[in-house]
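The following blocks contain the structures, represented as structure tokens.
Both of the next two complexes hold chain A, though its partner changes from chain B to chain C.
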Partner chain A sequence: MHKILERQIQKYFPDQSNLPTDLLPFLQSVSETYDHADQDRLLIERSLELSSAELTQLNTQLRSEKNIVQKKVDERTQQLVEEQAKLQASINSLSIGYIMIDLNEAVLTINKAAEEILFLEKAGVSDNLKIPTDRYVVRDIQQRLTSIDLHSLITECITNKKIINMDDIVFHSRYLRILLSPISVNALEETIGIVILIEDITEAKIMQRSKDEFFSIASHELRTPLTAIRSTAELIEMIYKDILADARLKKMIGTIKLSSIRLTEIVNEFLDTSRLEQGRIVFKKEVVNIIELVKEIIAEMGSIAEQKHIYLALTNIEPIIYVLADKDRVKQVLVNLIGNALKFTEQGSVLVSISPMQDLTKIFITDTGKGISELNRRLLFRKFQQAGDDLYVRDTTKGTGLGLYISKIMIEKMGGKIMLEDSEVNKGTTFSCTLPSTIAPQIGSTS
Partner chain B sequence: MAKVLIVEDDPILVQLYNDILSFGNYQVILVENGLEVVQRAKFEQPDLIYLDIMMPKISGQDILKLLKCTTETKDIPVVMLTNLSEESMINRCIQLGALDYVIKANHSPQQILDMTEKYLQKKSNNPVAA
Partner chain C sequence: MKIEQKKWTAQKGWEVLSTDSFSEVPQLVLAFSSSQLAREGKIFEEIRQMYPQSHILQASTAGEIISNEVNDDSVALSAIFFEKTTLEFHQEAINDPLNSLEVGRKLSTALSKDNLRHVLVFSDGLKVNGSALVQGLIENLKGVSITGGLVGDGSNFKNTYIGLDALPQEGIVVIVGLYGDSLNIGYGSLGGWDPFGPARLITKSDKNILYELDNRPALDLYKEYLGELSSGLPGTGLLFPLSLRLKGNNDSEVEVVRTLLAVDETQKSMTFAGDMPEGIYAKLMKANFDRIIDGASTAANMTTESIKAGNAEFALLISCIGRKLVLKERIEEEIEAVQQTLGSQTKLTGFYSYGEICPTSPTEKQCQLHNQTMTITTFRES
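Let's turn to the complex of A and B:
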């Protein structure tokens, strides 16, 4: 019998002998129920004890893991801070001004160079690398940089997702180059802001100008004595024809004359380059009969072709094709192209053909010369380049390498294009240039 | 013998043009000082003036203006001499009444003689100037 049940029976039935016998199975059943209840309680108590221990253990484990994670976070944070500091330091050590802005035109980062170039430092706007967003916006920069509309440029840069590059922005008697570049973060190329780079190019401009001026002055100063040498040699040939019956003397005078002519051409090329680059050559718009002009050039250059036994001709049969251009400059370009073709052709022909089209008239110059290798084609229209020469081993007797460069600028200034159509080594080359077409001469124009 | 007045400050070129035009049987008058040009032109009455654009003290353009507003010299044809080939300057001189221009480095003595002959023919064909 369960102890509690025994105590209760003794309390209510002190004389147990009086207990009705038919109650005994019931009491037995109650006693078992008590026992079951005891067992269940013990079970619950045991399981509770177990859970509590587990929880304690888990808690300990969790704490330890949290410590590890915290340590890692601290370490990574430290690394990030260091990396950011490095990045900031590198941005700050740039001599180019660097400004990073968000889409609300708030400045996120600005470096010392930007502050110095724009005189922002003196205003005490910032003394640290990082500028608080609420203290500094594009408007502050715009107030300094009055010669451009920064807001419009930023909008344009964000909308078009394209880099905007501006040279020669005048700022406090200095020249700046300003570049705006959108910052994209993901594959969708979503723009999150803009980087503005500002470079003070005043010194570079001064250097460039000095170089241009040197070029120009040196060329002018060279031309006068050259004129005198050339003309004097020619005068001697004219005045002292009889004395020059001596073949050796005649040859010497001829060498002086030819060398001075060549030197004058070189100086003229330098001067043309300098003046074209400075935009100091004015291009006339004349109605030019290009057929007539090519015929005139072929007549003038015929003797060179004859000397080399090369067939030089115009293939067109029509008498008139008009273009709108500066006649003297077109002549200069065509003399250069035909001259090159003759120079690099040893046998065969140099043919000029003109194909008039609605907007542009195209002039082809095809030779059967030595051709231009694939490698040399890229350098063709660059300054001081000649197709046939290695970059480092130049044969300077062949010329300045300015001819095609000058021709390219001139043709483009007249609204056309110059290009290498085709070339095959040892087979030949075709160059072409285009000029604006026009219908008939207007009053007051030359043809 | 036709008379040609040359205004040029560079002594080498002065000598050169003197040689070329003398060889072409022209009477050459040389003026190196720009300020004397009008006076000399009034006195000599040349058939043609070659006038350098770049001169010290007074520019060729200003000399041209003075020649064109002086009664005794306004009809004398003037050809500008230049080494600059500066279109704007040349165009201004043509507007001011210069007959033509010669880029010094680009012309041979024979070409200068041919051009001189051409300019003088033009002058004799022009009833006002003649």
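Let's turn to the complex of A and C:
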């Protein structure tokens, strides 16, 4: 019997012998209830004790982990502060305007150069990198840059995740180059903002323009005296043919004439370059039988090939392939390409082949010359570059280095492309260019 | 609806507790008894003689509920005549918990769907993964409320029996479809246990078998908490059910309670009445006597929400064995609390179970497997 019940019975029924026997099952049931209550209490106490110990242990663990995490957070925060300071200093020292915006078109960062270029002034902006309390928004910048639709450009940049580069944006009689670049955490993630770089290119443009103008004027001015020298030399050769018995004098006059011709060619190239760059050359659209044109060029250049004992030929047998282009300019390009091939080939052949295709007709010029090294290939088609052995030692006897540059611009203006197909040192080179194909000449438009 | 309730005890044999004195044939006779009585053919034969034309659904329990009483080693019988409701019965055998989903699917497919108002399910308590069975049942019964339970075997956890118009056997699942517009059903389910101590991550489990909590054998944790009582495992394990926060629909979390069915000392594993998914946090729960009894009356209140106006005529109470083990001498208090809430006109019967099946709230129909709850289904014909 439960101890409490025993004591209670002794207290209230000192003489237990008087207890009715049928009360015993009842007392037994009460005793069991007491036992159960004890068991329940013990179980609850035990579980609370264990649970409390577990929670205390977890609490200790949590505190120690919190300290470790806090220390790490402090370290990382310090690192971030330092990184940010470095970044801020770098951005602020840029001469290019730097603006970082978020997806809501709020300006997060703007440097001094950007403010200066855009004449942005706002109260509360410190001299350091700007993260002002009264932040700029894209609208403030748009109010200045009225010549572009900044909002649309930002949307395009975010949607396409592509860099947008715009040159020659006119702003207060100045020229700006503006670049918008999306900020993505990684290639697949969504864009989180945009960096806008603004560069004032006015000075550079003025410089370039004066260079171009000088180039153009100087070339122009050179042509008249050159023509005079050349025609005078020719006149001397013609009128004083008899007096020029002295072979040395004759050779000298001949040299004057050839040099003036060469110099005129150079000046013409300079002028072409200048005109092409300034878009001052108008390209005609003519239906040209390219087979006929190539045959004509080969006939003209045949003598140079013969002198060097090089086989120069067109491999096509069909009589007609039409392209839509400016005949004179096409001729200029092909003369340049075939001329180069002959120039750099000492033996073997220079072959021209034409393959007509639906949209574009491709012309190949293949030589068995000295080839172009890997290094030099990358510099082809650039201004003043010669495809010679050494790009850093200019050999003026071989040309201006403008030929391929001019050819490239011309072909592109006519809707084609020029490229180096293949080249192997001491084996040969193949250049190609394409021109728009056309079916048949319209009556009256044949060149 | 007309009801006749009887009780059988070894001392007094059959006693009529109440009767609506009807001459019609009751369509359904529910008889809940101890597993020993269920296994013996004598009781079934006697019931068959009393109700030769009725469907007899007999099940073993961990305690029989009839009227306001909770008895062991007794038979709690309710013969019900539905005036406007028709019934359909299906059963399936199951011997491996892995087949639970399929058995659920088969049973729910077999049931006619026209005018189906409610489904009652009575399942073997040990050979079934309750969560999977429920999953299988609801697949084909969307929008229909389902209630019921996993039948018991005292605190032995050895053999549970169910019989439909036959001598009860192990490994049976029975469903009863109730049809008709006049039938009103209410249901409610509530526990009343309190989680305590730290949340523990389920780090190793396989369906309803739990191996590790926080990378430590779960069985060791239970033994530590039970102390001397650990010799009474798995029964005493019911003193500490686990509270799980499962992912519900629309990222919501549903709290379910899982109760222990079996332990394996060699594997240090514990089998629970429902799934124990890895990566879910579990908390030990302890009994709060007053809250458990409050839970029963709140569950009864929930039924009145879903049954709408009017008092229930009949209530089926399926309560967890864990509650009986904790409440001990006070167990009838929870039945009294239910009776008080539903009103004296409602006839009560039911049993202590190894798992309860009921929707989580009176406003929804999607049912769940519960443990440690009092689950009440009320019936009224209008």
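Note that the second predicted complex is superposed on the first by the 340 of 447 C-alpha atoms of A that agree within 3 Å, B and C clash if a C-alpha of one lies under 4 Å from a C-alpha of the other, contacts with A are read in each partner's own complex, and residues count from 1 in each chain.
Following the convention adopted for this analysis, a residue touches a chain if its C-beta (ideal position, glycine included) is under 8 Å from a C-beta of that chain, and two chains touch if they have at least 3 such contacts.
Fair warning: this is a prediction, and the values are worked out from it, not measured in the lab.
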Considering only touches as defined above, state whether A:55 meets chain B (first), chain C (second), both or neither.
second
Partner chain in contact with A:220 - chain B first, chain C second, else both or neither
first
For A:232 in the superposed arrangement: first (chain B), second (chain C), both or neither?
first
Quick one: name whichever of chain B and chain C touches more residues of chain A.
B
After lining up the shared chain so the two structures overlap, which partner does A:263 touch, if you call chain B first and chain C second: first, second, both or neither?
neither
Is A:1 touching the first partner chain B, the second partner chain C, both, or neither of them?
neither
Applying the document's definition of touch, where does A:281 land relative to chain B and chain C: first, second, both, or neither?
first
Common interface residues of chain A with chain B and chain C?
none
Along chain C, where are the residues that touch chain A in the complex?
196-198, 224-227, 229, 239-240, 284, 286-287, 326, 328-329
Within the complex, chain C is touched by chain A residues 29, 32-33, 36, 39-40, 43-44, 46-48, 50-51, 54-55, 58
Would you mind writing out the residues of chain B in touch with chain A in their complex?
10, 12-13, 16, 19-20, 23, 83-88, 104-106, 108-110
Residue set of chain A touching chain B in the complex reads 220, 223-228, 230-232, 234-235, 238-239, 264, 267-268, 271, 280-282
